[in-house]
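Right after this note come the structures.
Shared between the two complexes below is chain A, which pairs with chain B and chain C, respectively.
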Partner chain A sequence: MSTTESATDGPPPDVTAAAEEAPMPAARQATKPSRADTTALIDRYAWHELLAIYAGVFVFLFFLLAPFIEGFLVSLKPLSQLFSSPYRFIPENASFAAYVTMWESVPGFARFIFNSIFISSVATIIVLLVVVPAAYAFARFDFKGAGLVLGGFLAVNMFSGAVLIIPLFRLMRSLGILNTYAAMIVPGVAFLIPSAIWLLRTYMIRIPKELHEAAYMDGAGYLYTLRRVILPIAMPGIIVVAITTFIGAYAQQFIFALTFNSKTEFMPLPVGLFAFFGKQEVVWNELMAASFVGIAPALIVIFFLQRYLVGGLTAGAVKQ
Partner chain B sequence: MRSERTTLIAWAFLAPALLYVLAIVAWPLVQTVILSFTDASLRKTTDWVGSANYEKIFNATFATVIVRTFIWTFFSVALKMIIGTCGAVLLNAAVPGRHLFRILIMPPWIVPMAIGIFMWGWMYNGQFGMISGLLQRFGIVDGPVAWLAYGNTAFWATIVTDVWIGVPLVTIYFLAAIQAIPKDLYEAAWTDGAGRWYRFRRITLPMMVPAIITMSMLSLIATFNSFDIIWILTQGGPNGATTTMIIDTYHTAIGSRKYGEGAARAVVICIFLSLFSLAYFRVTRRLQPEAAK
Partner chain C sequence: MGELALRDIVKSFGHIEVVKRVSLDVSEGEFVVFVGPSGCGKSTLLRMIAGLEHTTSGDIKIDGARVNDLPPVKRGIAMVFQSYALYPHMSVYENIAFPLRVEKANEDAIRNKVEHAARILHLDQRLQQKPGMLSGGQRQRVAIGRAIVREPKIFLFDEPLSNLDAALRADMRIELTRLHKQLGATMIYVTHDQVEAMTMADRIVVLNAGHIAQVGTPMELYHEPQNVFVAQFIGNPKMNLLPVTCVGTGPEGVTVEMEGQRAVVPVEPGAAKPGQKLRLGIRPEHVRVGEGDLALTITPVVVERLGQQTIGYAPLADGASTFCLLLPGETPVVADRPLQIGMRAGDCHLFDAEDQAFRRRVDLSAFAA
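Right, the complex of A and B next:
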């Protein structure tokens, strides 16, 4: 697009008509549209611009959603059609049969889903228990070293579990919790704490200091103030932190579960399915169906809570 | 008097979270360094070996792994930034449906990472996968292409999947950055007759620079640590073509149970990560006054 085309997204004819002879920029100044009008005018697109935008959005979304589309279509295809050539994008004789049969052919599938939810839930509870007082401390008190500790928590995000896998493995072994739920929960929690603290802190800072002081003047202890005054007010923030922590815990179950647990009955869904992907005769349509059932909770959450999620998930990643 | 007491109370409130992170992240970090100077393995006894592990790993193979990791990371981060910028600009356009589009970009980021990667594994399948299938349909390639079976294509396939997972966060962050640009700038430029492309080049892009720098540093750290994608798709193969430093460390430590040697490799990773983090903190500190304006 060049500057010459700017006329197409310029003011509507009736506005410019008043100053027809004047050059375009002057004409715009002369009419002095109100602020809202200007914004509306800037955002007006010519048909070819609209076409380009929608085409771009389509390509962008296709890249991001293609694996899900493909996975879903595969889950609908009968096995015989899956392995036939030439390749067909749209399934013939589509059926949801795989969604029924998978419960039998992926033994322990229900158990994997339960494990995933259980591990994420326990991790979320532990995170909340340690993060609520910590965020309160950062929001309520000005103490020496606060900035340093806050930065230190952020630095945790710099290291992944993979870098620390050796000492963590030895730690799990010496604690005697290898091949238990705890081996997957304990290390995971540490990597969820920093983001949760940063996010909850931003909520708690907004609570007026007078509230703390009023409670303090009335002779309430800090613990009492936290429990009876702060917690109820901060509840919406705590719920957001809980949801983002749960999603984070659910999304990242892989390396610890892969390394610290070898018992099938404790495996979370990603590792449980991974074990089947490695086998010779993979029943792809059933595995794709299983994957879809596994990600369904996350997809549902996105649609209902996306506004909170965006703020929540970016909070830990970016200093605010 | 009172301030000393409140400091004490503040630390008491902090203690559980702090101790937890110290025990699970900081102490293992120290232990990694200690282990890297020993011959720790599954045996009961462990001896100091000095710098023997480091001498052993610093050879041509390890240098190749380091270079490969940097190339892999560079292309992944660069693609995330470029695609993220395009995506943010597109989603910022005031067109009907944009709220829906903003929701639709989130799944790769939110769903369990491993499951999204399984789906990519199927897409890359030569015989039955979508990419090879569609390319054959349109006559771009003659026969099936098993993307993960050859070193070169597997290298790029893992990058594409890593970009796929990273793009939603980058896009959302950039979108917020674009929306934070004062509207007056656009109005003034528009009044002066500046076109859309000109406004993007002279206003949007320069104003996005701090966000792009911050995000590329964060993305650099996250991408350098990338494990799940490569492990699920190729486990570092074929023939080591996708073995990055993290994969290499995992193979050595968990696959071969050579803890000492694995720890030495992990220490090298930590040194790189610390340098990146240092750069990140310095850069963001310099950017802060600008952002505050």
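Right, the complex of A and C next:
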């Protein structure tokens, strides 16, 4: 957005005094840019266009963020205020007390956060180990049934895990892995692999075929080529896949944890939050506080890796 | 070491035959250029020699041994790609060292060979840079360096200069010729650019629609093209063709008639019979203003002045074809004004109805190296 804003920036100091002494209203400045405006023509907008753009951005962002804002405000309120009438959005005597008390009212909470991250991390690692060679094979080699298998992956992707809960439950029971970490990791991995293969395959297809051929001409085997040539070039794509897989694993673990696990010590965060649902009442402010604390680690990781998300989407377009 | 023989090579993709029974012998140390229009099968042929494509039938032999089922390294072949195919995440040093690392050569040997190759290619100062920081010509030299370090018997080049601009291309042509002399290795080079073919090749292989149209030295192809395709493909602007009638043959050549004029074209008469329709070929650069053994009046509609040369284009009487003439730069040619031109019978080529050339009587000994 910075480029669009520069259309309304003040003139730089080297502009003549005449331009400085009569600052034009923003509207006229945008439609008739002064000579000092160095914004490319394609990036210049009239004031009403800018207004429409920002209004649009605001509407969508508000829609997305409103639950978070409300959740955060709730976490700041004392419990009594939550049921006051008329309802007030802005909390009186706001405090972070809930962020402290929640650790006492649910002692296992730190463990739930750890479980969540542990389950997602292990799932992500397994997915990457399986998906990287698979995506390479689907991207580079022509083999019988490749299209069929890829289509099958897409079809599997369309089933939500919830539909398959009962067969999965029976399967896990026969395998004897109910009430273990594996019960939550294995189905998660299975549902995450198809989309990860599709994502990484698309990225790997864009790696020029000649690189592979050049390595072959130089005597490198498939695994050597994968390790020394393809992996480093595909790294942005692999990080994108890792992030989306991690987020996916984090989001989907609720349903698996709820059905395949009943041991408190293995519970991930989303199920753990149920502990704030007391017998008589729900401790809403602590629940909200716990949600925010629980999301924080994942949020921080994604915040630092997000530049790869953008980089991963464009890196392959650069000519070698 | 470095002799290549192709025997009845055929390549089909599905039902389409791309390469049709190609046989060729390349002797050691030769610089052979495959040239032809797009889709003539030249790149496919090269990729089969490289081992990147499998042959549908036929044998590829290197130093007498059949190599059809051997991987490139075992064939003793290195290849330079059109797109350079450098590994973008590795330094120039690591790019050149890549084939040696695959072989698990020891570190000292790698350093010696990479530095040797870098000196030959003037890349000494660039070894620590990434390919992204290099110019097109430098990238191409890195790609060549990667081929050199393996010390292959045969080098393959797949249109290596087509991504470079014209000035750089001329420099790289000279550099490649120098490199060929220095290494003395067999080189096979694919291009669609006849200037590259003419300037660098010991022998040129002209391919047309999957088969070999002619193999010969550049001067043989220019002076003694065996058919219309080669005659028109080699030389720029391309050769003009005029319809003529055979009126007699003799030991001095074939007598032809064109618009009432007769001339004796000094070619082997072969199967020419009086009354046959033939085609007379004359290169634009052999046309001159004024009289000749055969004269023609044409009206150029477009005149291009390049300073050094002036090129004129005139429609011919049949309406479909264009007659092109290449004249010295200061010739006073004006568009849309009739012009009398002449041609020497000795400069002319003669083709029969099957597009095959009558053998010309020219002395090429002056061009023999």
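Keep in mind that, in the parts below, the second predicted complex is superposed on the first by the 229 of 320 C-alpha atoms of A that agree within 3 Å, B and C clash if a C-alpha of one lies under 4 Å from a C-alpha of the other, contacts with A are read in each partner's own complex, and residues count from 1 in each chain.
FYI, contacts are C-beta pairs under 8 Å (C-beta built on N, C-alpha and C of every residue); 3 or more make two chains touch, one makes a residue touch a chain.
Given the structure is predicted, the values throughout are model-derived calculations rather than measurements.
Enquirer: So in the superposed three-chain picture, is A:129 touching just chain B, just chain C, both, or none of them (first/second/both/neither)?
Expert: After superposing on A, A:129 lies in contact with chain B but is clear of chain C.
Enquirer: Is A:79 contacted by the first partner chain B, the second partner chain C, both or neither?
Expert: Neither: A:79 stays clear of chain B and chain C.
Enquirer: Which partner chains sit in contact with A:224 here, chain B, chain C, both or neither? Use first/second/both/neither.
Expert: second
Enquirer: Name the contact category of A:97: first (chain B only), second (chain C only), both, or neither.
Expert: Neither partner.
Enquirer: Counting residues of chain A in contact, which comes out ahead: chain B or chain C?
Expert: B
Enquirer: Name the contact category of A:293: first (chain B only), second (chain C only), both, or neither.
Expert: neither
Enquirer: After lining up the shared chain so the two structures overlap, which partner does A:232 touch, if you call chain B first and chain C second: first, second, both or neither?
Expert: Only chain C; A:232 stays clear of chain B.
Enquirer: Have a look at where A:213 lands relative to chain B and chain C in the superposition and call it first, second, both or neither.
Expert: In the superposition, A:213 touches chain C alone.
Enquirer: Which chain A residues contact chain B in one complex and chain C in the other?
Expert: The overlap between the chain B and chain C interfaces on chain A is empty, containing no residue.
Enquirer: Where on chain C is chain A touching in the complex?
Expert: These residues of chain C touch chain A: 50-52, 71-73, 77-79, 81-89, 98-99, 101-103, 131, 146, 150.
Enquirer: So in the complex, the part of chain A that touches chain B is made up of which residues?
Expert: 1-6, 9, 24-25, 28-29, 35, 38-39, 41-43, 45, 49-50, 53-54, 56-57, 60-61, 63-68, 70-71, 74, 82-83, 85-89, 116, 129-131, 133-134, 136-138, 140-141, 143-144, 146, 149, 151-153, 155-171, 186-187, 189-191, 193-194, 197, 222, 226, 247, 250-255, 258-259, 269-271, 273-274, 277, 284, 287-288, 291, 294-295, 298-299, 301-303, 306, 309-310, 313-314, 317-319
Enquirer: Which residues, counting only chain A, touch chain C once they are in their complex?
Expert: Touching chain C from chain A are residues 208, 210-211, 213-220, 224, 228-229, 232-233, 320.
Enquirer: Please output the residues of chain B touching chain A within their complex, sorted ascending.
Expert: Of all residues in chain B, those touching chain A are 3, 6-7, 9-11, 13-14, 16-18, 20-21, 23-25, 27-29, 31-32, 35, 83, 86-87, 90-91, 93-95, 101-116, 118-123, 127-128, 130, 132-134, 136-137, 164, 167-169, 172-173, 176, 183, 186-187, 190-198, 214, 218, 221, 225, 227-228, 231-232, 246, 249-250, 253-254, 259, 262-263, 266, 269-270, 273-274, 276-277, 281, 284.
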